[in-house]
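In order of appearance the chains are A, B, C and D, and numbering begins at 1 in each one.
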């Protein structure tokens, strides 16, 4: 299942660390250092630290709050400085096992009372599903199989002074649970500390928009990426360049605020790089813009605003 | 551009009324009556009652609040009773002119202060765009042309006792601005008054997700539909059956509440009609569900939750 | 318990109508006409149309959705025209019975899933409480008695073209459930139709901020008010003049939008009538403003922004 | 203006540190250690690190994002362990200067577009106000003076693994900007790390509900507090015991979620400590509960839910 290493010129394998990072922050000891231009393969455990392996492994018994969603990182990118942009080109996501899990976790999810949308209703039942992953599909049951469409639920750089739970998304990336953080795309993150301090984890074999129940098809695996730097290029929010679109990702609550952040960042990007007048970009997105729901279950919701590539001068792409 | 009438068996043309409906409500005098099974062509003016025809026709001068978004209707569907479902199969949307307009309207839109999200900031400039519509494209400028992908911004039945502005969406349909209200799809609306009292208007030649600036490519045109009834079948929110998916549409603020309504209705539909256990449907949508943003500018936001048809037993479709 | 009628110069008693209004709208047949300056006593049934009289009268059995929260009205105010302001001075609210009820209603309330904040959780139990009202207190049990502090949960004028459920608040008043709609205060409503078409109902003997479970101490009673007009004075949202403060009431979702509307309207009022620079008013309210939560359970939430009277030149009061 | 030290038995003065904490987190070097029962006076600079001293000191020039809202701390409380509750009794807040400032800061505040509620509108003008503080009043101008009613805008303990900007409130306290964090009240915080790691700062001489423009009457000063521990008593959110009420503070977005958190925590507190059935507490708060808006400008909004003391058995108070 692995790509030809020669072809990819993978220069390092970054293994699962002995001590995980449970926050995105500047104070973790780096586990590896890479040069701009390097291609590396990064191994990740799943969001439950590989502790859920069968239907009886209930999250309330197996998880150890707040030590959740373990990240592989930080990876230092040499030469990255505050005010730069880190470009992470994702080549492939390779499973390191042949099954995934999902679950209903009490007081967590999109169609239940939660710790943030607090009510007096009784919680939904706790439940774990284990699905085989084979032949490019997740096999839910005899009738239903879901295509393997992997992405990294969690990826980003360190905030400047904060250390934020890896359950949260934010303007540094984090737990965005956006399906566009996938092979074939370049993900741009703001650099806010020397070395950028890159983290990733939470491999998803598939996920619907919004990660509705709060848990995707949770996988352990390895992600192969090439790191690059855009020196002196400052961004406020994560962005994506795919073959088909440019994208800005906003994370906030309520959900309309996530959407506003994403749209506004996209308008400003179109103005700054692609030669649009600001209000003309706003007008064009009103007719052709695409908005995808990342997650509606995490501490902040994530929305991805997209401008199809066919409306853009491709020569102006930053990477 | 019109379909062969013989082929479509169009039995009536329902023309633009002398007196428009500016609300969805039970007290308007019906303008036409149809039988279940009938196919009709319904003509509509644009959302500005065809008053904006050039860049200098500023909305603040040409619009007459609250007489906005004029609807063709009500059309009475014979035999429809409270508790039934009205099925509206959309065959085609045909322009009755060769241009569209869009605009920035003060204190309205997704990236501006509004009357609902009120601030002290100065409003954005007011501005009107006129675009030719020809050869299947909206011609924004020499470089940019947008495919003609028409849908009805506004469509629905009457609430039971309320009369709600045609600027608003709700559980009866209304101004949802969802691009799935388009040719090829069957739209299901709750019937809450005798005769259903169907309205439609606000033809859109194209629109991005969310109708970001609040104004799509605004068109006048005719929509050809076939009406049918599902007797004794009660629904709470509008639903859609397309060739590819079943959909539930929720409208609310904040946006996550629109999403919750849509997802919940879809889960309950999968349980009631397609043989899913409720929590299994919730789980499946977490992995394969699609969420599309309809509008983020109207009095309520509209979100469309979808389950791809390939995960459903097609034999269970209600229509 | 009634005031001396001679002293109050009550010129009319407006009795409970045979046919209630369940919407705030322009199409109801008027039940009475008053002159500006007239003082009248208006009788109201309770929000359940007096159908809940004991603990076994469960709302799900006794209520008839959507025929809820019956209003006494419309009362026509002679000479009122669109663009005027109606001033309603509330003198007293007099019970017409010696008990109140409250309830938990399924899928309704501030700490439960609802039809708008939809989840899959099981609803809370349904429950009715009956409390005696005597000696100026609501007697919850032997230990707890709550002072009788009555106000009108629902009061307002007709929207121009819409007919909105009397369960909803809005920019015309309606079901705001704000405890400042009480004796001693003057309530200002925008006039949007000839005659203003005034409605009121939903007597509350007491209520906490937010009407948390969705149901206050529900009472039947009579409210004595004097109507006056401010001709040619246009307002966007309801306002209150109390002995201690001026207030603006905003209704919206999410709650911060209700707050923004109320604060903004208050800033603009301080600028227009009280001689403040707009940003100085914004600054002053940042230091002395008071915000009271009306309801957090209705279709829109209501918030009351207040500027204490001691910071205002009293000579500038509009009434 | 200082209390008699003998009377207060102040055992330590904790001075402004050389290096401030700009986050609430576990990794700062402690600046002092206290025993349970000790009374200390803690000195704080203002939210702008005392850099704004005149109207021309514009925040955009004088502030150094993200190094904002400097905290005095962490103070270690000996013997505090995860799962305990820290009780902070506030005796007095004493100014260390005779003036305060407030400001309009671009893209920050309650009635403006912000980085979280992002729009394309131009920002409001930047502006600084300096007000004398004397004779117990803040002197806005010749006509307007505001009573000195000081409180600590920011106070709390460390999260377990996160380090959160001191601009944010959360379930550990932080920048709640709630006027009930004032002399005469006991503030209860969850202990999540050994030693509790207490921080405080952001002295406010006065503030309206919501801190509307984002900036209160900003003061430098000293707060005198007594620390105590409730061993083995776990709480989820900050609570307050005042002479008149018990209170729970929720922080979240949208605002209704902050309110839900606060109400729910208060209901659970009434159930756990004061002998109420859960639904009876919910019902009682529906009739007598008080909700105060703390802030509507910070990264999360803060709401304070209160149950008046007269409805509670005082013997059950935890402190």
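Following the convention adopted for this analysis, contacts are C-beta pairs under 8 Å (C-beta built on N, C-alpha and C of every residue); 3 or more make two chains touch, one makes a residue touch a chain.
This is a predicted model, so every value here is computed, not measured.
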Item to check | Chain separated most widely from chain C, comparing mean CA positions | outcome: A
Next on the checklist: Count the C-beta contact pairs for B-D and for A-B, then tell me which is higher.
Outcome noted: A-B
Next on the checklist: Taking the mean of the CA coordinates per chain, how far is chain A from chain B in Å?
Outcome noted: 33
Item to check | Rounded Å distance between chain B and chain D, as computed from the means of their C-alpha atoms | outcome: 47
Next on the checklist: Multi-chain contacts only, two chains or more: what residues does chain A have there?
Outcome noted: 111, 117-120, 124, 253-254, 260, 263-264, 267, 279, 282
Checklist entry - Within the complex, which stretch of chain C touches chain A? => result 111-113, 117-124, 254
Checklist entry - Which bits of chain A are touching chain D when the two form their complex? => result 22-23, 25, 27, 66-67, 115-120, 160-165, 250, 252-254, 257, 260-261, 263-265, 267, 278-279, 282
Checklist outcome for this item: Touching chain B in the complex, chain A uses residues 102, 104, 110-111, 124-125, 127, 129, 138, 140, 144, 146, 206-217, 253-256, 259-260, 263-264, 267, 279, 282-293, 296, 301, 311
